[in-house]
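Data block below; observations after.
Going in written order, the chains are labelled A, B, C, D and E, and every chain counts its residues from 1.
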């Protein structure tokens, strides 16, 4: 049944969790939420009859607990699909795809090209958002916990890299590019994509039990993709519509 | 969501790891606060007017602004002027500075609480200023301060979770990271609460003991 | 007649807008026992505190034992005394307070020995020997190891007297030393002071509300009112035949309230 | 002879291990003026505080005005009194304290009117009228609007007396009402009490160290020592011809310290 | 070019939230402080125990834990509060626990003598508390309450960690969007300080009003 959707329609908005990480999500100077993920969500909810979205910024790690605790109706934040996340939430079909990237000091002094390289170099410290994909990738590659520094947000991560507190900062390619271009620091360079790390795609993440709402969302998402409006929304942010359309939730959730 | 005991035992070692850092940060922060507080107190009470005024302003400023923001400042802004502190050190300095301003008040109050008659008796028995401080004032002023200082030590302990905001892997940060990878907040957060409660209750008992022990000196 | 040991020359003392002493002058001869009486707030305590250099003065001069107290000679003139100069002058003067002001963290014996050891460098053994003599004199020898908190008010005050005597001052100041005591404890302190007056030729200034004791103890009585000496004279004259009306009123009130001479 | 208004029947009072009153019994007749004297710590204050129900008692019974004070009848027996019962009994008793205990946040008039208005529901106008009469009686009518902090000790104590009288108690308790006062202020308070004793037939219990006043004021004097009544009798007998040695020693000490009879 | 006026506006919006949190949190804190503080001196064992448990729990477990707990765990008990409500609740209850001890201390400090005067004048416990003890205790509480209010103000920064868009949070947002660290943090430090000053001035004014005529003298 579609009771959740009816609720949202009645209330006139959906509560979405976003991160503070351009270009996935962004907050303008006037406080207006934008970025590729919220823009897509806003459009689809509008088509579903839900007027608007209300966003609250959250750490990646807090998003799923927050969703489960009923603090949000959906996560639209570039939270990439991974099997264990698929088990915890109900994802929509893919929306934004990106590969992983490193920001590091000019000339890549430690020669880091993959998470494995970091694991192998006992001096290399990596910064990543807490509870994000990059943290997991690093840990899975065998980087010990004490060399994976949990960084609260992108700006802090870049700052810590510049200040030499970490040797490499890892985020999706587009996020890193956005950060580095804002910083405009000649001493920082980007390695993208990271070797051996797959391209990930996010989806809008719904609470388990809200599958009906998710399915309705998927229907509109498919139409959006079909019509080409999807590309119009995300490509200005640098995302590839083709990448999202060439894969499915099923594949991504089964990966590894 | 159900409480899961297995999960509790699974995350316990990680949390205890964090507790160690929490205690370390508290101990170092307290030691620093005790010293900084004394410096502030002496500057305020004995330095020439302009310096005393400036010290007062600094103390008031630090007391009037959140420790969290001060930590951000120390950790993220100071490197711009070439001061790059490791996270734990930055946290300890933040705690020390912040609580140093509280300690300064305690020192001042403790010294002012020594009755005026004691200063006068010291003068009437012709002791010098230094002798008065060492033999008459401080021996009376210090013991009553101990409970108040201990009180701030406990308060500081409970504020260490702020260090998680500058990447120190203390108790709260460990709990968050456990929560992040398991999507479960109930157990880690409750456990952190229980740890704090246990430590607090122990310290309350200890504090009562200190208060009793050192209240006696005040009898006249 | 010997030269005065204290010569107070038109001193003024103000607290903010309040003038407590206004051009007060007086002299005290060596060995003289002086009682200062008068209503509350008349400045009796203030004059003792000034002699002990616990206050600053707003004007005037004081000479103690032939030397200036609040001023010291420099380049032929007088300048405000510095701490070192005051330190030397204070050797001549001892004071006993209304509220004893014993050092609560030190035992009776240490209260008495502290100053001689620190200010005069007297060796511990010697300081203790002398302290025991003094404690014996005030009847407190058996309490030498007690802490002040374990003593009654009268006992504390006797220790405070011994402490002040330990520095062998030429002048002793007593500020209402019995008025914080329970009535039955007053006598033991007064007895010590009688003994002291009889046995030494120290100069003593005493502020008190015990008219009977003032009468017996003093060579001369000064009656203060509003920072001025209104009347002075032999005890018998002041107490039996006060000339000033203010003195008469004051004594009438005090005596009506149940004190005897 | 009238029935006693207070009948104390072998009461015991302990503070932890310390027994302060040990099986004390005494009776007071209506209108009697009683002076309680004795050394510090002998239990004088304690007995007044017990009558004011400021303490609990460890044993014994007290009857005030024909009713039990710490016990109330229930089902034919006596059980410890509850707050409501005590509230009713306290109407009979008023107390004046050594340290006045005025309410510092209320003006003199409000100090006096507060209790009648709250406990008896007296209307404001009426309460103020009566309060002004009482303040007039104690000579404080012109200070009705002053705050306690602006008064001298003697004035405060006179206000405190008026405040206690405002509830028209049958029994008044006075605990060393002059001993926190400057000597010259003592008389004004004692005068008020003389007047009160002369003009009313209230029962009064007075703890004091002012032997002269006790002598003139009291119909009967009780000498306390260590929680016991050691001697009692007419003032002349007790003060001039004490029979007990302890009474003699006590009076000798007090009188030697400068108090007169 | 960075739109600084816009971003400063964002911080000011956050400042508004901070002020809102401080005021509502303080209001809650005062209410619970009196309830629990008076509960601590109650005649009834059960009331005392309840008040003590509340005070020890909230003083013992650190505001962070309380905040995260209220935000993430309470919803499972069916209580879902908005972040603002959560912030007000956690801050108010936390600071209220400290305030309760202030209330208790002040009431006790007014002391035996005033209490006994009330008994001698036959006031009931309630009357004594309302007309005699509390009016005096209030002037003793105010300075510490002022300090508590400042502690609460500082505590609001912590709610940024549960994604409430207060001043600290907005500073973080501005920082992420502009890449500048110094300006947002320096701005909010100054703003916090000004707010703290405003609180202490306000409390001093209040104190003067309450103690007027008392001359600070207490017999």
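We adopt the following convention: a residue touches a chain if its C-beta (ideal position, glycine included) is under 8 Å from a C-beta of that chain, and two chains touch if they have at least 3 such contacts.
Going by UniProt, the chains are B = Ectoine/hydroxyectoine ABC transporter permease subunit EhuD; C, D = Ectoine/hydroxyectoine ABC transporter ATP-binding protein EhuA; E = Ectoine/hydroxyectoine ABC transporter permease subunit EhuC.
Source: prediction; values computed, not measured.
Enquirer: What is the set of chains touching both chain C and chain D?
Expert: Neighbours common to chain C and chain D are absent.
Enquirer: Find out how few touching-chain steps suffice to connect chain D with chain E.
Expert: The fewest touching-chain steps linking chain D to chain E number 1.
Enquirer: Moving only between chains that touch, what is the shortest number of steps from chain B to chain D?
Expert: Each step joins two touching chains, and the minimum needed here is 2.
Enquirer: With centres defined by CA atoms only, which chain is the most remote from chain B?
Expert: Between chain B and every other chain, the largest centroid distance is to D.
Enquirer: Taking contacts as defined above, which has more of them, A-B or B-E?
Expert: Taking the two pairs in turn, the one with more contacts turns out to be B-E.
Enquirer: Between chain A and chain C, what is the gap in Å from one C-alpha centre to the other?
Expert: 84
Enquirer: As a quick test, compute the distance in whole Å between the mean CA positions of chain B and chain E.
Expert: 20
Enquirer: Whole-Å distance, chain B centre to chain C centre, using C-alpha means?
Expert: Measuring from centre to centre gives 47 Å for this pair.
Enquirer: Go ahead and note the Å separation of the Cα centroids belonging to chain A and chain E.
Expert: It comes to 38 Å between the two C-alpha centres.
Enquirer: Multi-chain contacts only, two chains or more: what residues does chain B have there?
Expert: Residues 1, 76, 165, 185 of chain B touch two or more partner chains.
Enquirer: Return the residues of chain E touching two or more other chains; collapse runs of consecutive numbers into ranges.
Expert: 72-73, 76, 181
Enquirer: Go ahead and list every pair of chains that touch.
Expert: So the chains that touch one another pair up as A-B, A-E, B-C, B-E, C-D, D-E.
Enquirer: Can you list the residues on chain B that touch chain E in the complex?
Expert: 1, 61, 63-70, 72-73, 76-77, 80, 158-159, 161-162, 165, 172, 185-186, 189-190, 192-193, 196-197, 200-201, 204
Enquirer: Which stretch or stretches of chain A touch chain E in the complex?
Expert: Touch list, chain A to chain E: 20-22, 26-31, 56-59, 62, 65-66, 69-71, 152-155, 158-159, 179, 182-183.
Enquirer: Help me check something: in the complex, which residues belonging to chain C touch chain B?
Expert: 49, 52-54, 83, 87, 90-91, 93-95, 97, 99, 101-105, 114-115, 118-119, 148-149, 163-164, 166-167
Enquirer: Could you pull out which chain A residues touch chain B in their complex?
Expert: Contacts found on chain A: 59-62, 64-65, 68-69, 88, 130-131, 135-136, 146, 149-152, 156, 159-160, 162-165.
Enquirer: In the complex, go through chain E and note every residue touching chain A.
Expert: Of all residues in chain E, those touching chain A are 3, 5-7, 9-10, 13, 71-73, 75-76, 80, 83, 163, 165, 169, 172-173, 175-179, 181.
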